[in-house]
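The two complexes that follow have subunit A in common; it is paired with subunit B in the first and with subunit C in the second.
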Partner chain A sequence: MEFKFEGRTKLITQILMGIGLIALIGGFMADGTDHHQRWWANLLVNGFFWFSISLAALFFYALNYAVEASWSALIKRCFEAMWHFLPIGGGVIIVVLAAGHFFHAHHLYHWMDNSLYHEYMVVEGDTIEFMDEATEGAVANPNYDHIIAGKQPYFVTWFFWLRTLGYIGTFLIFARLFRKWSLLEDEQPSLDLHYKQFKRSAVFLVVFAVFSSMLAWDWVMSIDVHWFSTLFGWYLFSGMWVSFMIMLNLGLIWLRSKGYYQEVSSSHMHDISKWMFAISMLWSYLWVSQFLLIWYANIPEEVTYYTQRFFSDYQVPFLITFFVNFAVPFYTLLPRDTKRNANFIVPVGLLIFIGHFADVYLLVIPGTLFDHNEFGIFEVALFLGFLGLYLNRTLSALSKAPLIPKNHPMLQESKELHY
Partner chain B sequence: MQKEAAIREPLILGDKSYKDITDDVVGPIEGPAPIGWKIMITISSIVAVYGVGSILYLLGTGIGVWGLNKTVGWAWDITNFVWWVGIGHAGTLISAVLLLFRQKWRMAINRSAEAMTIFAVIMAAIFPGIHMGRIWVSYWVLPLPNQFGSLWVNFNSPLLWDVFAISTYFSVSLVFWYIGLIPDFATIRDRMTKPLSKKIYGLLSFGWSGRAKHWNRFEEVSLVLAGIATPLVFSVHSIVSMDFATSIVPGWHTTIFPPYFVSGAVFSGFAMVQTLLLIMRKGMKLENYIHVKHVEYMNIVIIVTGSIVGVAYLTELFISWYSGVEYESYAFINRFSGPYSWAYWIMMTCNVISPQLFWFKKIRRSLIATFVLSIVVNIGMWFERYVIIVTSVHRDYDPSSWGEFHPTSVDVGVFIGTLGIFFTLFLGFARFFPVLALNELKTILKSSGENFKKKQANH
Partner chain C sequence: MNKVFHVMYDDDDKLMEAASALVAKGIRVKDVFSPFPVHGIDPIIGVKRTRLGIVAFMFATTGTTLALLGMWYFMISDWPMNIGGKPSFSLIENLPAFIPVTFEFSVLCGAHGMAITYLLRNGTLPGMPATNPDPRTTDDKFVIEITTEQNALSAAEMETAIKETQLFELSIKDYE
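Right, the complex of A and B next:
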C-alpha cells in the first residue's frame, strides 16, 4: 500500500507553511530588538528542534538495525520519511550560524565577537587593531575575556565550520545510504543487504555518539559560552529522542485513522508508547543529574546557568517544562491500557511534545535575549510554520515508497507482534 | 506461538527436549561434587579466611592500619566498594532491563548473573561497614529514633542516600532472584529421592504446584519487579557517583558522573559475568545453553558500554580544558601526566582500547579472547575508580598538603579477601542451586531451539 499525499492534508501543511512564511517576514520587520536578536534566536530554536527530531529518526533507525529489533520492521519507512527534514533543518542551522559568524547579523553567540580574543589594541582614529602582545601605543582591550580567549583553539573559524559541516554532511550521507539500501531491499531480496545495514548502523551509532555530544556543545552550549557541563550532550540527545518518539506515535495514529498501516497493531503502539515513557524518564534523570549536581556544589562557574533560568522571568516556564516532561508521562503512561489508547496518547503526546519544544526554547532564549524576551504570536506562528514544513517534507517522502518494506527478514516477526 | 525469524541464531543448541533441559541443569546438583569444584572452593575459602583475618585485624586495631593519610582520606576502601557495586549491576540489568526488552537470550545467563549481583553487593557493603572503624555502631547510618541527643543522620549527604539506594537495590534484587528460583526449586524437589533434600527444596519452593494460576502470578510479579528494578539499576550507581560529584573537588565534580558511572557499572558487571560463566559452562557442561551467541551478545554490550565510558572520559578531558578553570584543567593534566599517570593509562588501555577488539567478529566469538578481555576489563574498571579517587584528592587546591597514597598489606588483604568470599559464595551457588532458569528456558525451546528451528525451516 502506498501513502498518497494530496488533498486536504497537503493543503493544511501548506497553509501552516504560509503562516510560517508570514511570521518570518512580519516577525523580522516587527522585531524591535537589537540586530533582530529575537527573530534569529527563534529561527535557531526551530531549526535545531526540528533538525533534532529528524536526527533522532536516523538514530532510531540505526539503533533498531544494530540491536536486531524486529517489532519496528513494519514501520521503518516512517523513520526513513521522518529524517527527510535533515537537509532543511541543517540548512537553517547553517544560515543562522553563518549570519552571526560572517555577517554579524545577530549576536546569539557571544564568542563570535572577534574583539574578545585579544588582550591589547591600538586605536587610530576610527580603526581598531587588536593584538595579543603589548606594543608601543597599545592599550588594554576592555572587551578582552580571558576565559573565552582560552577557548579560541576550539572556536577558531575553520575548525568550527569543519565540525558543523562535518556533522551535517555525515548525517546526510548515512541517511542517503540507509534509504538507498532500504529501497533496494524491496526489489532484490538479499540477506547481504540486511547485514550491510546492520554493520553500517553500528558504524553510524559510533559516529553519532561522538557527534551528538559535540554538536550540542557547538550549537547550543556555546550560547552560554562561559558555562560548561559534561552531561550537556547526552541531555540534549535524550530530549530529541523523546520528541521523535512522540511524533512517530502521533503520526502512526493519524495514518491508521486514515486507513493506512492496518497491519500495525495496538502492540506496536504499546511499544512506541513504552519508548515515550522510558525516554521521558531518561530525560528527567539527566535533567535531575545535571541540575542536582550544579545546585548542590553551587560554584559560580556553573550555577549562573540556573540562576539565569530560576531567578528571572523564565522561572515559571522553566519549572513547568520540567513538570510536564517528567510528571505527565510518569503518571499517565505507566499503565498498560493508556499506552494502547489513542484517545489518551494524542493529548498526552501533544502536551509532552510542546514540553520538549519549550525545553529547547529555554536552552537558547535565556542566553540570547536575557531579560528582554517576549513570547507572542510570532513564536507560535513560526512554530506552526516549521511544523507544516516538517510534515510536508515527511509526508511527501512517505508517499514515495511503499509503506511496508517487502523483504525485511524480520517482517513476519513484526507482523505477528502480540503482547 | 510466535514464529522466530529464520536469520536469528538458535539459543539452545543440540537436539534437546524438555526433559533434557531438566537433566542438564539439575544433574550436577544431584551428583557428587566434581574434583575441580573441590579444588576451587578450597582455594577460594583459604583466601576468604585470609580476608576475614585482615578485616578482624583492621577492626581490632583501627583503620590506621590502612594506608590512608590526611591528604588521601579515601583510597582502596571506596575504590573496592564502587568496584563491587559496579559489578553488582549486570545481574539486575540482565534480568530486568532485558526482560522489558524481551531479549530471550537473557534466560541462559540471568540466574547466575543475579546471584553474582547479590554476592557482589554484599562484598561492596563490607567496605563502608568496616571503614566506620566502629562497626558495632554501624546501625547509626539508619535514621532510627534514638536517645543520644541530637544524633540524627545527615539527609544532605549522598553517603546516606547510598545506604538507602543500595539496601533497596539489594532487597529488590534478592526478591527478584528468589521469585525466579521458585519454579526451579520445585522441579528439583520433584526429582529428589532423599527425604531430607526433598523437604529442604520443598520448603524453598514455597509449595509451587505449576498450575496455570501460579505461572500467571509468577509472570506478573516478574514484570512488576522488572519495572521496579530498572530505575534501581540507574539510581544505585548514580547515587554512588554523587558521593564524589556533589563535592567541589576538581575531577570529582562533573555533571556527567551519574550516567557515566551507570554505564561503567554495566560494563564491569558484564565482564565479571563473562569471567564466571565461561568457567561455569565448561565445568557444568552447559555449552549448549550458554554458547557462542550468548557470549557474543554480552561482548556487544561490553563494546557499547565501554565506548560510552570512553566518550565520557574524553568529554571530561575536553570540558576540563574548555571550562578555562585552572583547577579543573590541572586535575586532568595531573591524571594523565602526574605521579599516577601509570594508573590512568592502564585504565584507558583496559577500558577504552581493549574492548574495541570486539569489533572483530572472530575475537568477539572467541571464548579464550573473551575470557582474557573480561579480566582485562575488570582490572581496568578497578583502576578507573582508583584514578578518579586517588588522583583527584592527592593534589588538591593547596600544594603544601599534596601527598601520595601507598597501600598497606591490610588494604591488599581485605580486597583479596573479598574476592575469596565472593568466589566461595558463587561456587556454593553453582553447587546447590539451579544455575540456569530451566523453566524459563523451556518456554523458548520450541521457538529458539536448534532442532525445532531446523524443523521449521524444513516445512
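Right, the complex of A and C next:
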C-alpha cells in the first residue's frame, strides 16, 4: 500500500508553509530589536528543533537496527520519511551560524565577536588592530574576555565550521545510505543488506554519540558561552528523542485513521507510548541532575544560567515547561490503558510536544534576547510554518515508497507483535 | 465427588496449543503451573490482568509522602539545619536538596511493597507450604489444572478432550 500525499492534507501543509513564509518576511520587517536579533533567534529555535526531530528519527532507525529490534520493522518507513527534513533543518542552522559568523548579521553567539580574543590592540584612526602581545603603541583591549579567549582553540573558525559541516554531512551520508539500502531491500530479498545495515547502524550510533553531544555544545550551549554543563548534550538528545517519539505516535494515529497501516496494532502504539514515557523520564532526570548540582554548589559562574531563567520574565514558562514535560507524561502515561488509547495519547502528546518546543525555545532565547524578549504572533506563525514544512517534506517522502517494507527479515514478527 | 485433572506437558508450545484446544471446547482451566512465565498464556486461559501496578503506585506514593514528611520534620521543623547556606526554614525552597532522597525512598517503598504483596498474594513467602501439584513444575514440566467443579462437562467428556492433546502425563484425583 502506498501513501498518497494529495488533496486537503497537502493543501493544509502548504497553507502552514505560507503562514511561515509570511511570518519570515513580516517578522523580519516588523522586528524592532537590534540586528533583528529576535528574528534570527527564532529562526535558530525552529531550525534546531525540527532538525533535531529528524536527527532523532535517524538515530532511532539505527538503534532499532543495531539492537535487532523486530517490533518496529513494520513502521520503519515512517522513520525514513521523518529524517527527510535533515538537509533543510541543517541548512537553516548553517545559514544562521554563517550569518552571525561571517556577516555579523546578528549577535546570537557572543563568542563570534573577534575582539574578545585579543588582550591588546593598536588604534590608528578608525582602524583597530588586535594583537595578543604587547607591542609598542598597544593598549589594553577593553573587550578582552579572559574566559572566552581560553576557549579560542575550540571556537577557532576553521575548527568550528569543520565540526558543523562534519556533523550535518555525516548525518546526511548515513541517511542517504540507509534509505538506499532500505529501498534496495524491497527489490532484492537478501539478508546481506540487512546485516550491512546492522553493522552501519552500530557505526552510526558511535558517531552519533559523539556528534549529538558536540553539536549541542557548538550550536546551543555556546550561546551561554561563559557557562558550561557536562550533561548538556544528553539533555538535548533526550529532548529531541521524546519529541520524535511523540511525532511518530501522533503521525501513526493519523495514518491509521486514514485507513493506512491497518497492520499496526495497539501493541505497536503501546511500545511507542512506552518510549514516550521512558524518554520523558530521562529528560526530567537530566533536567534535575543538571539543576540540582548547580543549585547545590552555588558557584557564581554556574548559577548564571539559572538566575537568567529563574529571576526574570522567563520564570513562569521555565517552571511550567518542566512540570508539563515531567508530571504530565508521568501521571497520564503510567497506566497500561492510556498508552493504548488514542484519545489520551493525542492531547497528552500535543501538550508534551509543545512543552519540548518551549524547552528548546528557553534554551536559546534567554541567552540571546535577555529581557527584551517578546512572544507574539510571529513566534506562533513561524512554528506553524516550520511544522508545515516538516510535515510536507515527511509526507512527500512517505509517499515515495511502499508504506510497509517488503523483504525485511523481521516483518512477520513485527506484524504479530502482541503484548 | 469432585475431580481434579493435572495434565502435564513437557514443552511450553504444547501447553499453549493444549490450553487453546481445551478452552475452545468450553473447558475452564483453573490454573497453569510453569517453571517460567509462558508468554501469551494469560489471555488464553482468561487470567485477569494483574493489579500489581496499582499497588506499586500506591506504595511509591506512600514512600514519597513519608520521605517529604520525614524530611520536613527532621530538617525544617524540629531542628533547622544549615547545610551550605541552603534555605532551612521552608520545605518548598529547600525542595531540590530533598529530591534525591524522596526519589530513592519512593523506589524503596514501591519495590519492597510490590515484592511483599506479590509473595503474599501468591503464598510464596519463605516457609509457606508449596501449592503446586507437582515439584517437576519448578524444573522443566508444565501442568494445567482443571476441576469438575468449575466445569459443566462431565468428567468422562473432559478426560477424552484432555487425552486428545499432546500430554506427557495425566493424574486424576478426587477431592471434597
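As a convention for this text, the second predicted complex is superposed on the first by the 419 of 419 C-alpha atoms of A that agree within 3 Å, B and C clash if a C-alpha of one lies under 4 Å from a C-alpha of the other, contacts with A are read in each partner's own complex, and residues count from 1 in each chain.
In the analysis below, a contact is a pair of C-beta atoms (placed from the backbone, for glycine too) under 8 Å apart; a residue touches a chain by one contact, two chains touch by 3 or more.
Given the structure is predicted, the values throughout are model-derived calculations rather than measurements.
Peer 1: Overlaying on subunit A: subunit B and subunit C, fit or clash?
Peer 2: clash
Peer 1: When the two structures are overlaid on chain A, which partner does A:E413 contact: first (subunit B), second (subunit C), both, or neither?
Peer 2: So A:E413 only meets subunit B here.
Peer 1: Can A:Y296 be said to touch subunit B (first), subunit C (second), both, or neither?
Peer 2: In the superposition, A:Y296 touches subunit B and subunit C alike.
Peer 1: If you tally the residues of subunit A touched by each partner, is the higher count for subunit B or for subunit C?
Peer 2: On the superposition, B touches more of the residues of subunit A.
Peer 1: Report for A:P335: first if it touches subunit B alone, second if subunit C alone, otherwise both or neither.
Peer 2: second
Peer 1: When the two structures are overlaid on chain A, which partner does A:P347 contact: first (subunit B), second (subunit C), both, or neither?
Peer 2: neither
Peer 1: Touching A:G169 in the superposition: subunit B (first), subunit C (second), both, neither?
Peer 2: neither
Peer 1: For A:V210, select first, second, both or neither according to whether it touches subunit B, subunit C, the two together, or no partner.
Peer 2: first
Peer 1: After superposing on chain A, which stretch of subunit B overlaps subunit C: 92-100, 200-208 or 236-244?
Peer 2: Clashes occur only in 200-208.
Peer 1: Where on subunit A do subunit B and subunit C both make contact?
Peer 2: Overlap of subunit B and subunit C footprints on subunit A: residues 292, 296, 418.
Peer 1: Considering only the defined contacts, which subunit A positions touch subunit C in the complex?
Peer 2: 288, 291-292, 295-296, 298, 334-336, 418
Peer 1: With touch defined as at the start, can you tell me which subunit A residues reach subunit B in the complex?
Peer 2: The touching residues are 68, 70, 146-147, 150-151, 154, 191, 194, 206, 209-210, 213, 217, 226, 228-234, 274, 281, 285-286, 289-290, 292-294, 296-297, 299, 301, 409-410, 412-413, 416, 418-419.
Peer 1: So in the complex, the part of subunit C that touches subunit A is made up of which residues?
Peer 2: 40, 49, 53, 57, 84-86, 96-97, 99-100
Peer 1: Residues of subunit B touching subunit A in their complex?
Peer 2: On the subunit B side, the touching residues are 2-8, 100, 102, 231, 234, 238, 242, 245-248, 253-259, 307-308, 311-312, 315-316, 319, 322-325.
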